[in-house]
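Look at the two complexes coming up: chain A is in both, with chain B in one and chain C in the other.
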Partner chain A sequence: MDTKKALLIARYGARYSVRGGVGLVFLLLSLTFGLMVAHLTLQPVELLSKQVQERMQDEPPEKVTERVLERLTDEARRPVAWLLSERTAAEATPEQDRRANAWAEYLLKDRPAMLSAIFLILLFGWPLVGAFGAFDLYAGDISSRQLRYQLLRADRASIYFGRLIGTTVTFVLVLTLLGATVAVYMAAKLPLYALTDVLAWTVYGVLALTVVTLPYLALCAWISASVSGAFTSLTVVSLVVGGVPLVAMFGRMSHEAAGYVNFLLPWGFQTRLFHYEPTQVALAGAGCALQTVLYTWLGYRKFTRRDL
Partner chain B sequence: MSEGKRPGGLTALAVINFVFGGFNVLGVLGMAAVLALLNVAADAGSNSGDEGMQKVADAWREIGIGLFYLLLALSAINAFLLIASGVGYLKQKRVLGRGLGSVYGLLAIVTAVVMALMVKEEAGGGFSIGTIIGLIYPVLTLILVNTTFKEDLAR
Partner chain C sequence: MTAPATTERRPAFALRVEGIKKRFDRNVALDGVSFEVPIGSIFGLLGPNGAGKTTLFSLAAGFLSADEGSIDILDTSVSRIADLQGRMTILPQDAAFQKNVPILDQLVFLRRLDGRDPAAAARDVEEALQKVGIAEYKKRGIHALSHGMLKRMGIAQAFLGEPELILLDEPTSGLDPQNARQIRDLILQLQRERNVTTVISSHNLAEIQELCDHVAILDKGRLKACGTVAAITRGGHMLELELRRPLHPDERAALTAVPGVARLVDRGPQRYRVEFALAEDQTADEVTIAALRQVLDLGLAPKLVREGDSLEETFLRMTADQRDAD
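Showing the complex of A and B:
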């Protein structure tokens, strides 16, 4: 692989994906989705604070917002603990319950609760949104035979990794922009948490979302390199990314072991990137790295051997 | 480049313009309906019964109904600009596409700023993340028609 050529392709790949339309739709979709999640999470706190403030006019607004948030956090603790529970059977053991409660406590009390909620929702929605940005890495050009012209000047490895790097950089930029917007907004309009806490948790959240994005991107690259046609690629990518958790969920109803299907993608362990135990975070990060390497290798193998 | 094939992104931008233009037309109709309801609420005074509507009417009376008319006019102009520039993107025209597209971007930003700064939250204004969401497309349009698609919109 020629690193210089790969980086050149990465730079132009991101720019031309916007010209081609796919990048444009992804930008619009991802920014709207991310900010909509933040809006839907923060708006109830703002509205409720305003309503309570009208009734308790002698209380300072910051105090009212703090109380509203405290109440909402208390209400949210049980569903969040249920969501994070590691239960394998219908009923969780007391130990599983204790661990789930400790995890919920960490996300809602020890860290800025609103940011934690936004990151958890993004964690589940981002892989599907990301699929829209990466499904056409190679498939469209393979079907239209446009890659022939690039192959005259660059080797297959440079094209494969160049485009993958370009898309990764675009994803990181979008996630950083989203994180910065939410952090600045929260610091300005909902000054409930210390600015350093908000910034630190935002940086961590953006980093965690980036780590989760990598295996999904690698999977998209593999699928896109394997099929001809952008639409076919989009269909297969959407079915795989969205289908894995569905198969696991329905499969578990008849066979408990079917739940392990989730581990084919980061769905099975990605929430642990926000775990309170560093070892769990490290294991989840290692899982993401392993899957990234595996899917990237499979995609590279296919791309370098197939008829272009 | 301008004589060449239209890039897929420009076609996508045109389609999105038509969709958002349609939504804006619906928004203008909605605002006209709200205006009629505000007049009814104002006529009924404090006996209208609908507390929410009365609050909105009071808020607009305080802000000044003239601003409502201004926002209605801005929304109507934005709807026209979105649809007209969408046609311009498809035909790859400099004035109709890039020119009106840029005017739309600037005007939509001005509308969002007016709504955030001058209209109270009770009247549907104020600054929230919704305001930032509303700014995504105008800002993207401004950037794209003046950089990425600048050469394509030159006929």
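Showing the complex of A and C:
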């Protein structure tokens, strides 16, 4: 691989991705999805805040905020604990319940609760949104034979990795923009937390979402390099990314082991990037890295051997 | 002290195709094709639709991989196509350019992949766009270009840099006569000035005959003929004559009576094809001279004399053989 050429391809790809229709759709979809999640999460809290303020009119603002956060934590603890539960059977064990509650406590009390909720919801929707930004990494240009103009000027490895790097950079930029927008939106609409806490948790959240994005991107690259046609690629990518958790969920109803299908993608462990135990975070990060390497290699192998 | 002598080895052939086979599912696109393209030649690749020309170009450019056989370009195996970067360019037949990106930016990007810095790349692209006559569209997207202009953009892309070998898949199809002429002149200029080898596929046989010194004829994935244009068209042993007036019956009989002339075929109002049937002790040149002498004796000065078939006739004859056999 020629690094210089790969970076040139990456820069060109990142620069012009938004100008193409798909890139623009991805950007708008990401921002709309992020802001919608933020809005839907903040709306009930805003209502709660108003109620508390009306009841505690004579109290100092710090007391009111403290009360709002208390109520918020109480209300959100159960659904968040349910969402994070690691149970494998229909009923969780007491130990699993204890761990889920501790995890929910960490996200809702030790960290800005609203941001935690937003990140958790984003984590569930982002892989599907991300698929829209990466399904056409190669497939469309393979079918239109656009790549042929580059193939005598750059080796296939440079083209493959250059495009992947370019798309990754675009994703990181979009995620950063999304994180910044959500943080500003939250700070402006519901100033319940210290700005430094919000900023620090936003940076962590964007970083975690980026880590989760990488294996999905690599998977999209593999699929996109394996088929000819953007629509086929979009269909396969959507079916795989959306289908894995569905197969796991419904399969688990009849066979407990079907739940492990989730581990083919980061679905099985991605929430642990927001875990209170650093070892869990490290394991989830390592899982993402491993899948990124595996899918990238499979895609590279296909792209460098197929007819273009 | 004298510097050690360096011997820069010149490649023997620009392109060497050996026993190449390629099939797409059940369709055999190429079936054991072998030929060589001499350095500095303009080589025409002829064949009816579906003959395998585009597949051959795609294999030579490394877009596709062959099922069997080998292709060497400038003494480098096509399996190491990365080593040929900058030495070979191609105008693929049906490759699209990017939508929504200005023409200049697309070509500058491609030129920068050749290793040029941005300013030099922009200069090269401007020059190439000037050559093909679409410089005024450089800031526009491809939606502003007609089919012919898109073709010229592709040709500009193929002419970028200093390639030693250019593969042009139907470069003048869809171009008006002026632009087609301009492209032909550019190809000849590249050969003259830089000894660039060009391989062209085209359905315009007159163009190939005018432009190329070597040709290969493909039909249904098989090589029917390969060699210089003169050698291939000479195979028919005949003489094409264009006269100032039609021949009278007695004049026709006199011409047919020349030893070695088999028959006279009407090819138009004043055009005739004199077909030879050479005796063992006769050469084609002797019969040609005798036939021409007879024409002059009849008091006719030929307007046009051509020995052998036209490329079109050779092509039709060769590809018709296969159709008849089928």
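Everything that follows uses one rule, which is that the second predicted complex is superposed on the first by the 285 of 308 C-alpha atoms of A that agree within 3 Å, B and C clash if a C-alpha of one lies under 4 Å from a C-alpha of the other, contacts with A are read in each partner's own complex, and residues count from 1 in each chain.
In this text, a contact is a pair of C-beta atoms (placed from the backbone, for glycine too) under 8 Å apart; a residue touches a chain by one contact, two chains touch by 3 or more.
Predicted model only: the values in this text are computed from it and were never measured.
Novice: For A:189, select first, second, both or neither according to whether it touches chain B, chain C, the two together, or no partner.
Specialist: First partner only, chain B.
Novice: Classify the contacts of A:50 with the two partner chains as first (chain B alone), second (chain C alone), both, or neither.
Specialist: In the superposition, A:50 touches chain B alone.
Novice: On the A-aligned overlay, A:181 touches which partner chain: chain B = first, chain C = second, or both, or neither?
Specialist: first
Novice: Once the structures are superposed on A, label A:42 by its partner contacts, choosing first (chain B), second (chain C), both or neither.
Specialist: It touches chain B, and chain C stays clear.
Novice: Kindly classify A:105 by the partners it touches after superposition: chain B alone (first), chain C alone (second), both, or neither?
Specialist: So A:105 meets neither chain B nor chain C here.
Novice: Once the structures are superposed on A, label A:144 by its partner contacts, choosing first (chain B), second (chain C), both or neither.
Specialist: Touch status of A:144: second partner only.
Novice: Contacts for A:28 in the overlay, against chain B (first) and chain C (second): which applies, first, second, both or neither?
Specialist: first
Novice: Quick check on my understanding: which residues of chain A belong to both its chain B contact set and its chain C contact set?
Specialist: Common to the two interfaces on chain A: residues 19-21.
Novice: Help me check something: in the complex, which residues belonging to chain A touch chain C?
Specialist: Result: residues 5, 8-9, 12, 16, 19-21, 144-146, 148-155, 305, 307-308 of chain A touch chain C.
Novice: Which residues of chain A touch chain B in their complex?
Specialist: 15, 18-25, 27-28, 31-32, 35-36, 38-39, 42-43, 46, 50, 181-182, 185, 189
Novice: What residues of chain C sit close enough to touch chain A in their complex?
Specialist: Residue positions touching the partner: 58, 61-65, 81-82, 84-86, 88-90, 92, 94-101, 105, 109-110, 112-114, 157.
Novice: Okay, in this complex, where on chain B does chain A touch?
Specialist: 7-13, 16, 121, 127-130, 132-133, 136-137, 140, 144, 148-149
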